[in-house]
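Note that the chains are named A, B, C and D in the order they appear, and that numbering of residues resets to 1 at the start of each chain.
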């Protein structure tokens, strides 16, 4: 088994979730790396969209910004934020990959503040396009390192909607029907959501980890799928693509 | 949301964005080759009973070849967006293609006069009519493009145009002022004519956009007719010029002079003599029948139609007119 | 005094209402001819907009359609219907010139049907952009031949808003504040609206006509301004411009 | 219109379209020459207390020269639209220019990291904050561009982002579904950087539009900075390429490399070394003060700023990077 770091592991696992012919709204960093890796492996026809207006580029390298020139290099269209976001709102975008400072049991994310909103201990960037993507795209996924500071019982601020308060609460909120969190990929495991309660549930554990160890690094009680898989580690080819073609300067995989 | 007043017109299409999303979810996102003959595209994507919208404005960048083919194939019972529908409407009326009509501007051909055929058909009692305005229909397409059930506007209040529409007046919760909510319009199928398109459906055009970008976004199925196909490399070289991205498009049909007898900006001007002929012969049912036989039913396709109306020489003349070449001494 | 027909008369009078530096939303025909004449006389900087998207063209000849190539010839922008109409909605357009099959005492227009809407005796084209222009532009003007069939007590259908039912009814309707009919130019007279009641009022009478004769050709009671002007006839230069430069084929002035 | 739920954030601008119309009524419609020095444009059109919005996205086609000049002239107490505001926000925070902030994305520089300066200022208690999202702010500008008090969207429901916003949830009278109404945002003044503009303000750019077209329509006053002036004849030759028509524009300032140290598509890539320097020196107040003196206060203008950061040689290198010239062997 090849040697790899947790970022390489998460990106490789994430890439496998993006089937050929699907569309995905991504930001910079790990989500973009995962989408690029998917294109170079099983999903050459994966369609990448950037919220600033870049639609189906042929990414020549990792973009630094969601709006830099690379995001519409040899694209189908260099459109507007309206063009991109409205395509999401109309149901044209299947996946999105997000992150955040905190995540809760229902897959809700915080990227706004720690502490009180009026007088925050720590201010983060805010939603950006995350709330929009999570509201509009059919399946929202999260890629994040896992620890009890991030996986919390209660968010300081609910920036981006997951299953909200679980059960039918997301559908009742008014958000588009049929949307919601799909999978959470951490450095230890893959989680989905139990269909009724919409609580987070471990479905696959990465090499070298156990359910107990995953639970220890989570601030709330995780459900267990009936059958828990063992996550396949990155292949040599995935690692080669990531290291040589996608991120040769290790902007993302070097973090 | 309290409705202050509701128009009593019939809403021919469902404004529910979740139903539209369910449909758009099934559209292929792959950049696949979509080139086909116009005949096949109309057969495959335009069905009896569908709600149809046509791109362009009046007889400008309007997909006339597609309108002829729809009539030639005998489509019936369609809904139609009369969004400054002039010569397109005239042709579709000749075929009695539609029986539900959203009106912004219909029957007329602007400065050229009124179509006896369109008028007679709309007055016949066979057509159910709801009233809108040009901007109201633009706003309805914009709402659909945004994936929301309505957008507000500030026109039509106080008029019968409102009363015979299917829009609703509400009070704005920010300002207390009245606004009209225009319900999203998701056509089942639309046709847009462009200058250039690649085999995947990435399309671009020059001149006014009218409401075609919102229309392309709003419609469930979209046929592009194009003056010419271009390489995808040409699209990729200049993605800023793409007006319609491929994933909205179901069929790409290369139809040179596809807007004839209307105007295609920078390519050819409208054939005013032929358009006057249309208006004239409509007044006599027998003459009109023969005229339709000659120009639509007796033609295999648009090339045939152009052949019986002057062919290449006529097209050169219309190009000279469009480019105002007579002014260059 | 030069010889002229009523169309030439109306267009010449209408052109004088468009001051230099104003913006006007026009259709084809007489309104466009008036705007072109204004540009060639006192208002070289008059800005013409067409609802289909042509913004400030240098019209090389009379357009046949509101969307034909001439409407954006050497323009500032060949935009969209949204671009043009939203500029009107935001208050950027000062004037519009409209017509119709019927007009009432408050300047409301009918261009939809004669008879019942469900089963009309005569069907007309409908609003087109007329309702939009009349709702959004600051000052709506009408150019129309005058007779008792057109100037009616009650419209068969109120397509396009004037002062609605007079008084404050337009403001109460929800239409943008400060907008409304400004002047009505017929082949006999110029009318404005009495500020309180918003009823139509004769302010100027064309050569060869009298108030009595104007009233005879109107299906409702006209008010009289305190001082009624005598309309100045078209000048030789106005007629020359109309006949030689603006409409050499007499598409409009030959009607 | 019954409000199901209302956000409790402060609305910093008035969404009333009639008040905006009164202002737009006074704007000059004549196509007059508007060329001036950036310094004069900022003096004339950007006032203490105004609500400011900046075009572009992140550090892409962002009018950085204008941001520097606003700080150089010491503007204060402004409102600011934090619409993926990255390096522009960093510069404006260094000047403590604003004290009211609409947040979609702030503080960060995307993949580059977080700005200590922006963060410290926003956490200082001196800034009143209301929460939005990127699309929410786009929709707010769209509403203003349409001349209506709001447009509906389907995001943010159920979240604290909604609760700390000034938007309202209502029930759609067509579908019974909940939608959020985003109140129109009419900025007092905005700056947009473009590739080409004529002396009257007819402007065009290449690459993604972000929200700049709606922003140009929504803002009361608009300053265009342009890489280069072009003849009006060039605009008139191809009016389909005009993105911003002259009548929206108050000042036209020719500022080559006006987006530096950000990216200008097809012209130059961002100066990542210099942007990292910004992020690094912010951690030490004294160092940062000296850095600002060198790069902003000590520079007469943008040309001076570029001169202290590598001048023409640096610009050539960034152009080569933008065009990926190293790949051409």
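Descriptive notes on the structure:
Note that contacts are C-beta pairs under 8 Å (C-beta built on N, C-alpha and C of every residue); 3 or more make two chains touch, one makes a residue touch a chain.
In this text the structure is predicted, and so the values were computed from the model without any measurement.
Placing every chain at the mean of its C-alpha atoms, the farthest one from chain A is found to be C. Between chain A and chain B the centroid-to-centroid distance comes to 40 Å (mean Cα coordinates, whole Å). Chain D has its Cα centroid 36 Å from the Cα centroid of chain B. Distance between chain B and chain C, defined via averaged C-alpha coordinates, is recorded as 28 Å.
Annotation for chain C: residues 72, 78-79, 82-83, 89, 136, 176 touch two or more other chains. Residue positions 17-18, 146-148, 153-154, 177, 179, 206-207, 240 of chain B each touch two or more of the other chains. Chain-to-chain contact here is organised irregularly, matching neither a line nor a ring nor a star, and falling short of all pairs touching.
Applying the touch definition to every pair of chains gives A-B, A-D, B-C, B-D, C-D. Of all residues in chain C, those touching chain D in their complex are 20-23, 45, 47, 55-56, 58, 72, 74-79, 82-83, 86-92, 94, 136, 138, 176-178.
Only residues 27-29, 51-54, 60, 63-69, 71-72, 78-83, 85, 89, 108, 112, 117, 119-120, 122-132, 135-136, 155, 157-161, 164, 169-170, 173-176, 251-252 of chain C touch chain B when the two sit together in their complex.
Of all the residues in chain D, the ones that touch chain A in their complex are 56-61, 82, 84, 86, 103-108, 110-112, 114, 119, 122-123, 125, 129, 131-136, 138, 142, 153-161, 164, 169, 177-180, 206-214, 263, 265-266, 269-270, 272, 322, 324, 327.
Per the touch definition, chain D reaches chain B in the complex via residues 1-3, 6, 11, 15-18, 139, 146-154, 168, 170-175, 177, 179, 181, 183, 206-207, 238, 240.
Of all residues in chain B, those touching chain A in their complex are 17-18, 20-25, 27-31, 144-148, 200, 202, 217, 235-237, 239-240, 242, 245-247.
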